[in-house]
Amino acid sequence: MNTPSRLSLQTPAHASSQTPARPSPQLSARPSSQARARLAAAVTAAALVASALAACSPSSDQPPAPPSSADDVTTGVPEEPITLTAAYCDAHPVEDLLDGFTALHPNVTFDKQYEECGNFSTDIINRMSSDSAPDITQYVDSAIQTLAPAGHVLDLGAYVEAYGWADKFPADQLAMLQLSADGKVHGEGAQYGIPGGAAFTGVFFNKDLLDQLGVGGPPSTFAEFEEMLAAAKERGMTPLALGSLDDGGIHLWGGMLASMMGADKAKAWVNGTAGATIAVPEAAEAAAKLAEWSVLGYFPGSANGMKEDDARADFAGRGAVFTVDGSWAVGTVRDGLGVDAGFFGFPGRQASDPASGQGFCAGFAISSRSEKADVAAAFLDYLASPEAAEIAVGLGMLPVNIATAPQPEPGVATELREAYAAAAADGGIVTFFDHATPTMHTELTQGLQGVIAGEVEPQYFVKALQDNWDASKQ
Amino acid sequence: MKAGRRLRKRQWLGLLFVAPALLLYGTFILYPTARTLNLSLWDWDGVNPAVWRGLANYVDVVSDPILRGSIVHALILLVFFALAPVCFGLIMAALLTRHRIRGMAAFRLVYFLPQVLPLIAVGIIFRWIYSPNGTANGLLGWVGISSDRAWLGEWNWALPAIGLIGTWVQSGLCMMLFIAGAGNIHPHLYEAARLDGAGPVREFFAVTLPGLRAEVGLALTVTVISALAAFDLVYITTGGSPGHRTDVPGLVIYQRLVAGDLGHAAALAIVLSCLVAMAAIATSRLSKVEAER
Amino acid sequence: MRASRSERVMGYAILLLMAAGILVPITAIVLAAFHEPGATVRGLSWPDTWSWSNIATAWTEGHFSSLVGQSVIVCLIVVPLTCVLAGLAGFGLGALNTPGRGFLTITFIVGMTLPIEVVIVPLYHDLRALHLTDSLVTLALVESAAFLPFGVYWMKTTFAGQPSELSEQAMIDGASAGQRLRYIQAPLATPALTTLAVLYFMWAWNQFLIVITVISDPNRRTAPAGLGFFVAPHSIDIPLLSAATLIVITPIVVTYAILQRKFVAGILAGVER
C-alpha cells in the first residue's frame, strides 16, 4: 500500500544489523519456487478477474412510492415524543432552525447528523439510498439530482397541496428545488425541497475608498463599474479582492454573465432546459473580461493561489475597493468595515436593465423511506414562519420570504436585502451556474483558473462548459 | 530453506497461522480490489442502475484530457519524488564515504524526520511557505528577485512546487540509506581503487555506485510508489488547482468517487495500480540485474 | 580511511546545510504557533511575546481532544492486531512448511504494491451497505488490512532467517509449532516485531485517505484528518493553523525521537560487534 511503503525502507536500513535476513522487494526464492510464484501471481490475477466478471451489476435497493394526494397525508405535529434524524453540512442555519422547531414543539427532537460539506454531497447520496436514510436532509443539488430519479427523495406534492406552500414560499425559490423525473431539468416536475434561507451574490464595496476615488456612488452600469476599477488601479489601490483557488472566482464571472446574458437565458441553461446553451458571445465576453482584468492587475496576481476566505479577509481589512461575494459574507464585511461597507447587485449594460444576481436557497428534503414524513413536513412548513425567518436573518442570511421577515439593521445588510428584493421582483435570481450539472463546479473552477492565468482561451472555456452540459443532459 | 529441505512433511497447521491475516487482508483489500475491477466496467453513480460500459472507461482514461493529465502529472512528479532525492543521496554518499562521520545519529534523527511527519502537516507547512507572504518569496528576495506570487496558484509552477515538497520529504531517506549502504562496502575496494590512482569521481563510479545498487533499487521502489500514488500532499496543497494543472490519479479518483462517477474512478484506480506494479517490478529488477553482474 | 581536510569540511557543511533545510520549515511552524493570535508570520521568526492561546484555541475549535483520543484508539487497535496477525502469518509462511506458502507469500507481496486508491471506491459503497462507516473499529480493520502485507512479508523473512538449529532441536524434543513460536522463535524475533510496531504506529497515526473515506463526520475522524478539515476555515490565521499542526505532529515526533535513539543504539552495537 502506498503509505506503508513510504517508510518501509527505513526499517530494513535500521534493522539490517539486527536480523540476519534482510527483506527486500525482490523475491529471493529458489528457481523452482519462483516459477511457482509466477504461476501463483497469474492465478491471483485470474481469480481477481474472474470474480470481477462474475459479480453482477452494481445496484442498490428500491425505495417505496410517494403519497399521491393531500388526502394521504396528515398535517400538524402529533403530541407524543418523536425523534427525527437530520443530516446536513451547514451547521448554520440548519442547527438553529432545528432548535427553533424544537422550541415550538418540545416533543419533537432531532438526531443531528453533521458532516463536512466536502464529503456531504457524496455521502448523502449513499445514506439517502440506504434503509437507514435520515428523515430530513439538507438539500444538496448535485446529490438530489442523483437521488430523486431513483425515488429516494420524497415527492412533496401531497404536502405542497395540504399546506398550501405555493402561497407561503416565493415561486422563484420553490422552482429552484423542483426537478424533472430524470433529474436533469430544474424548475419543472416534482417539488423535492423546501427553502429555509436564501443566498444572493453581488458586489461589496468600501464606501470610504470609493469616496477617495471621487467617482460618485455605486455604479449603475457595467461600463461605469469598469471605469471605477481603472480609477482605483490608477490610484494604486487594489480594485478587486479575488481569491480563485477554491472556486475560480465563480461569483465574479457568474455575476457578470448573469447580467450580460439576461436572467431568462441564464436560468434556462442552469435549469437544464432542452436546447439551452451557454455557447453565447456574452459568456466568452465575461471570461475575456476576467482575463483582461487579470492582465490589467485589477485583482492580485496571486488570485489563483488565494482562497475566497483570504480575499474576503483582505477586503474586510480595507485592502481592496470591491469584492464580489455572497450574502454569507455580510457578517465578516460588516465587522471589518462598519459603516463603510456597501453592497450593490451586479450592474447591467444599461441602467434600465432588469436587476439580476446569482443565488440559491438552503433547502431541506425528506427521505422517501421516512416513516415520520408527516412530522418532517411540519418542519418544512415551519420554514415559512416568521420565527424561522428571524433565525435566518439573525445569522445574516436572507429570509425566504422578504414580505413577512423582520427588517435587518440599517447598513450593508439592508443594502443587500434591497438588491435581493429588486432582483427577486424582476425575476432575476439565477441559480449559481455550478449547479447546472453534478460536475460543473469542477469544470468551472478549473476552467476559470485557466482563464485568469491567461492559459485557457475564453471560447475554449465556454465550449468545455457546454460540452459538459451536453454530456450530462444526454 | 535449510530446514525446509529436511522437514519435507507438509504442515497443514501452518494455514491456521496464516488464516487470520489472510481473512482480514482478503476482506478489506483483495475483495475490494476485485470489486474495483468490476466497477471499472460500468457507468454507475452509486445509486441509479448501472450501465455496462465494457472497456470504455479505460479508453476515457487514455483519451480524456483530465484523466490522462493526472497520469502525466504523476510521471512528472517522479522526477521530483524519486529521481532528485536519489541523485541527492548519491552525491551525499559520494562526498561522505571517504571519511568517518561523527554525530551520524543526530543527522539520522533529522534526516528521517520528514518521513515521520503526517503528509497533511507537511502540506500545511509548505502551503504557508509558498504563500505570497511566505518563505519561498522571502528567499527569492534575498537573491534579489522580488516576488509576491502564490506559487501553488501559478499555472506552470504549481506542480513543480508540489514536486519540491516531495524532494524535501524523500531526500533525507535516500541520503541515510546510501550513506549506510556505502558504509557496508568493503574498505578493500576503496583501497584498491586508490592504489589504482582513482580520484573521487572515478571512485564513485567504480566502487560506490556499484556497491549501492541494492539500496538504489530499494530507494527507487519506495519513492516511485510515493510519487505515483501521491494523494495527501496534493489534496491539502492545491486540490488539483489551478485549472487541473496539479491533478494526480489519487486525487482524481477521490474526486470522481465524491462526484458519483464510480466507473472512471475505478478504471483510473486500476490503471494506477498497474503503473505502480510495473514500477515496482522494474525497480526491483533493475537492482537485481545489476547486482548479478 | 583518509580524506583531505577540505573534503571533510565540505562533507560536514553539506550535511549541516541539508539538515537545516529540513529543520527550518519545521522550526518555523513551531515558532509561528507561539506568535500573537492572527499575527502575520512570514517565515522563521522568533515571537516577540510567547502566546500559548493559539494552542488552546486550536485544541477547542478543532475538537482535538476527541480527535487525538480517536487517533489513539485506532493506533491501540491497529498496532497489536497487525503485529500479532503479521507475526502468526509470518511464522506460518517463514518457519513452517505450510502448503501453498509460495502462493500465499505472493498474494501478500501483491498487496505491498497495491495503492490505497484501488480499494477506496468499493469500500466506501460496500461499508455503507453494511452500515459500517463512521466506526473507529471499521477504520482500524481497514487500516490493519492495508498494513498487513508488509508486516507478513517482514516477519516471514525474519522467521525464515532465524538459525534453524534451535527450532530443529525443539522439534526433536517434541514441541508443537505453537510452542516453537511462543518459546523460541517469537522471543528471538522481538527486535523485528518492535520495529514493526513502531512503523505501524506511524502509519496508523499518519493515515489520511482511508480515514476520510471510511469516516464522514469530521469530528469522529483522527487527528491528521481533523487537521485537513481544520485548514479550510482557518487558512488565513497562520499562528492558529501552526498550533493545530503542532498538536498533530507532536505525539508522532516525540515517539520517533525516543525510539529512534533505540534504533541508533542497536545499529551502533551491531557495528561495534
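Which chain is which? They are A, B and C, in the order written, and residues in each are numbered from 1.
Following the convention adopted for this analysis, contacts are C-beta pairs under 8 Å (C-beta built on N, C-alpha and C of every residue); 3 or more make two chains touch, one makes a residue touch a chain.
Nothing here was measured: the structure is a model prediction, and the numbers come from that model.
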A-B or B-C - the one linked by more C-beta pairs in contact: B-C
Centroid comparison with chain B (C-alpha atoms), farthest chain: A
Interchain centroid distance [CA atoms averaged], chain A/chain B, Å: 35
Separation of chain B from chain C, taking each centre as the mean of its C-alpha atoms, in whole Å: 16
Contacts with 2+ other chains: residues of chain A: 1-2, 5, 7-8, 10, 25, 58, 60, 119, 126
Contacts with two or more other chains, residues of chain B listed in rising order: 1, 29-30, 33, 35, 39, 46, 112, 116, 225, 228-229, 231, 250, 257, 262, 276, 280
Multi-partner residues of chain C (each touching 2 or more other chains): 107, 110-117, 124-125, 146, 149, 160, 202, 206, 209, 235
In the complex with chain B, residue positions of chain A that touch it: 1-2, 5-10, 12-13, 16, 24-26, 30, 47-49, 51-53, 55, 57-60, 118-119, 121-122, 125-126, 129, 142, 146-147, 149-150, 152, 244-246, 300-306, 438-439, 442, 445-447, 449-450, 452-456
Chain B residues within the chain A interface of the complex: 1, 29-31, 33-35, 37-39, 41-42, 44-50, 52, 112, 115-116, 130-132, 148-155, 173, 176-177, 180, 214, 217-219, 221-222, 225-226, 228-229, 231, 238-244, 250, 255, 257-262, 276, 280, 283-284, 287-288
Of chain C, residues touching chain B in the complex: 1-3, 7-8, 10-12, 14-15, 18-19, 21-26, 28-29, 32, 40, 42-44, 85-86, 88-89, 91-93, 95-101, 104, 107-108, 110-126, 141-142, 144-146, 148-149, 152, 160, 164, 167-168, 171, 177, 181, 202, 205-206, 208-209, 213, 224-225, 227-228, 231, 235, 238, 241-242, 245, 248-249, 252-253, 256-257, 260-261, 264, 268
Chain C contact footprint on chain B (complex, rising order): 1-4, 6-18, 20-22, 24-25, 27-30, 32-33, 35-36, 39, 46, 88, 92, 95-101, 105, 107-114, 116-121, 124-129, 133-135, 138, 168, 171-172, 175, 187, 190, 200, 225, 228-229, 231-232, 235-236, 249-250, 253-254, 257, 262, 265-266, 269-270, 272-273, 276-277, 280
Residue ranges of chain A touching chain C (in the complex, touch as defined): 1-5, 7-8, 10-11, 14-15, 17-23, 25, 27, 29, 33, 36-37, 40-41, 43-44, 58, 60, 113-116, 119-120, 123, 126-127, 130, 132, 307, 309-310, 313
